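Next come two complexes built around subunit A: one with subunit B, the other with subunit C.
Presenting the complex of A and B:
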């Protein structure tokens, strides 16, 4: 639109007589309504997410932005940026003990202690992660859509690069969509102080002789999906995905306590280290996962119910079930309230151990990472959204997550029976989002 | 209608969708047959070949002529259904054949609604004068077709060569997405508009113009001078409840030349002008 310069001429307004004349031409039933709105060149989504675990454990503050633009007709460019800041303390995997425990930090330059009976948290946990992605979406034919993208993320001890492609085609009067996706990732892990030799003991201050260089892993994901419109109000979706990871899958910062099989007390570590015996964990070099996901989405006169179920199984022995329900309750002028419930349950990995027993032969693989243990998780939340006059939306989401798990069977020997070997985890999630643009 | 006509229907019932398309297509064909100046034997042909005789027109034609008369008044003579005669000397084919002043003056003697005698239902033109309802016809066809389709209660969008009307959004919260053609010849739409209900009409010279000595002559002719209106936007799109209203506002704006936007601002209508 042109900026006017100089003074605007004055015109006889003709709107009313023109409307009357048009009415005379078309008849009295001529419509009187118009709703048109120009689309903004970009769609922008922004959000701030805060995830905070209780007892001063992990806290993540995440800023996300997404921009989408129609560059050519029906060809879209999508860009995302995410910045995460992680602070707090993360469980090291070691179990509580009746005495004070001392640990060497990953860098080997410092040590920290954990009080008697307390959960071993590594307080040197601090990270900032920056992630970028770009995606290009274009129709291949009238019914087929191709999207290709690349992603990159960087944090001080981890670099990710990825490529992905997705092909979707409509069938059956566009009531059925089949999609196929492929994603390849190559990640480099450069742990602080080097990557520990698997199942090697934690050494004393300044001794990094059991640390090695950078590690890497490759991940291939395949996805097959069917989306079916059942009727004007209902769609269902079914996805099958296959994921194969290859390379360094171990967590370089996680430990296992080695305890006396009778007393449950720590045993002395390497001579002269002054530490008890803790071993770095070791996971297999490959992991194959399969998952099946089903979703039903139904519209009830503007309210939307979404119910989904996911089953995941892998060759590490982890099987999980996720059931999720959302109901979007619209109450006029673009406002809605959306309660959310998610229930998650998983079995432990075959090599999950809460502790290792002194004198017993070392297993090939072992981890005490609670995330590979048996646990249940429950998320309860609610989201409130409100449309802005220009077609954008504000929303706020608050969720509470609680997780309860079990130690590996037979772990609570001797003194360990007095401790909580799988402490509950509670977390609060708050998200503020603002979207604007062409929607 | 010398341009593609489309009907988009967002209904799962195929029979209903077909009824909508058939109804709209039949009405478009009827109006084209009746009012096209390229057809022999229709009412426009009868008027244009009357050579000074008085023609008695039917009720629908009379309403269109009343409308043309009203628009001529509202535009201070700038909107004129008799200005089509100027096309005998102006051929907007993208070339550089600008007519001579004499040639334009000569044709101008047969242009001007004030020279016609319109006493509904009787129309008398001077010999050599002719009318062209093409400036109203396409938009009128959209509104007429919409009136016939409306009782079928289908969510649909009628698009007759870029003049369009939506009878409700595609879905509850999903309007029709309409691209306004760019004036630079770029394949990408210059603007995108979400249309829930109502009409959008575009007037412009994106493809119909002459260019000579670096000067561009758009196809909107000023019947007072016989020459193209200068400094008009290349394209004006207006949103209004009816396609006819939208189209007339867009055309009247272009006839204002450099003041097109000021005119539309004063009218308080929603518009998109490209220069």
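Presenting the complex of A and C:
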């Protein structure tokens, strides 16, 4: 058969898909009309986050990428990738002493010393974390949306795998949305040098006889939420969530100092170790948390106020309040400045101890981890953003985070009264983000 | 706040929200609410970074989304 010069209607109909298929086979980009119909571009966000604590403590440099694409009509795929590089020193939980203190590192292969009166920081802390997640979002009916996802993260001593699902249904002419979410996680903890026997003493160089194998934990999260449009300018959200953790919830690297109840000085550790007495911490192997979260977002002629409050309570005795305020002040040409303030307050876990006293019976659970102590947190920050000509945005935010806390009551005995038993934490947070445009 | 109080607050706020919603905003009046900065989570990267930081440094997590985690954060 000979093809005529003038294209028949049939030829025109099959022409475009054929051209696209040919181009795909040849690895070339398809003609524009076809691309516009079938290949919506990815929405891509990238950011660099720097979290840096003062006094040489933890520093995290994190690269993050998020990509979202409408794969089919109203069906979206979300992918995220985060790579964290952690360096610096982490508080071990031991208190300062009037003399130099020596500690065996978690691997058991080396030791480090802490000067008289100084905070005990474990300097062997170094890790890289890679985290991936994928999420699929699709309408179930005209008013119901289902999203399912999986997450995976890996670091030298910790692996996380998780699954989650969330169902949202609109009511009241789409002014009300009810949502329900479920997340399941299974984490494996493989501490450097093994997981210590809880409340066992820190041993000397090369002696790892009180270390055991890998540990694991399971976490189940449930979330019930209501989102409500109040008027043309205001939207509110209220969530209630439940979280249940089961398994190894202890921090394998944290210690407690055992001191003389009168002098507050360290007491000798295991015979021949050359160390003072420090015990590995122990936390309960279950934890139930509940939280209530409320958010109000309101537009003021182009500016946006966002206020939120969270109350959290758990069966470890921790209650916390978090208040956050953001005001996005737009000043034309897609530019904005957004101040941010966050107040946080928590009570101590029932088993939080700053020290253990020599001769006293050992408690069932004990931790000196400051994160389970009583403290207030304050974050002050500002973000500047600017739209790009292609519909994207770049932004920079700088924030200052501080924690001020109190040691467990009755801890400052003898020499310990001379030391700061709950040193402040000061950190700088900087994030640089770039959102690619779609035009 | 003890548990019964928490439940009462939850029920009362939920009921108020549902009743308050009856007035409603029509689809053609959603121009303001449709703006990216008016979304519940307007910057997912910032939200994820904050979730990760505060999960690592405080005894609380979650609230808006799931409880975060997936790290042996020191």
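Structural remarks
Going forward, the second predicted complex is superposed on the first by the 396 of 439 C-alpha atoms of A that agree within 3 Å, B and C clash if a C-alpha of one lies under 4 Å from a C-alpha of the other, contacts with A are read in each partner's own complex, and residues count from 1 in each chain.
Going forward, a residue touches a chain if its C-beta (ideal position, glycine included) is under 8 Å from a C-beta of that chain, and two chains touch if they have at least 3 such contacts.
Since the model is a prediction, treat every value here as computed from it, not as a measurement.
Contacts of A:157 after superposition: subunit C is touched, whereas subunit B is not reached.
Contact with both subunit B and subunit C is seen for A:232 once the two complexes are overlaid on the shared chain.
Contacts of A:357 after superposition on the shared chain: neither subunit B nor subunit C is touched. Partner contacting the larger number of subunit A residues, of subunit B and subunit C: C.
By the touch criterion defined above, A:243 reaches subunit C but does not reach subunit B. In the superposition on chain A, A:343 makes contact with neither subunit B nor subunit C. With both structures placed on the common chain, the touch criterion links A:327 to neither subunit B nor subunit C. Legend: residue contacts after superposition of the two complexes on their common chain; A:80 is shown touching subunit C, with no touch to subunit B.
In the superposition on chain A, the residues of subunit A contacting both subunit B and subunit C are 231-232. Those residues of subunit C that touch subunit A in the complex are listed here as 1, 3, 6, 9-10, 13-14, 17-18, 20-27, 29-30, 32-33, 35, 37-38, 40, 42-46, 48-49, 52-54, 57-67, 69-72, 74.
Only residues 12, 63-64, 66-67, 70-71, 74-75, 140, 143-144, 146-147, 172, 175, 177, 179, 187-189, 191-200, 233, 239-242, 244-245, 248-249, 252, 256, 259, 261-263, 265-270, 272-273, 275 of subunit B touch subunit A when the two sit together in their complex.
Listing the residues of subunit A that touch subunit B in their complex gives 1-2, 4, 8-15, 17-19, 21-22, 24-27, 29-39, 70-73, 231-232, 302, 438.
Residues 45, 47, 49, 51, 58, 62, 64, 66, 80, 82, 86, 90, 125, 127, 129, 131, 151, 153, 155, 157-158, 160, 162, 164, 171-176, 181, 183, 185, 187, 189, 219, 221, 223, 226-233, 235-241, 243, 251, 253, 289-295, 297, 299, 304, 308, 310-314, 316, 318-320, 322, 328, 336, 344, 346, 349, 371-372, 377, 383, 395, 397, 401, 403, 425, 427, 429, 431, 433 of subunit A are the ones touching subunit C in the complex.
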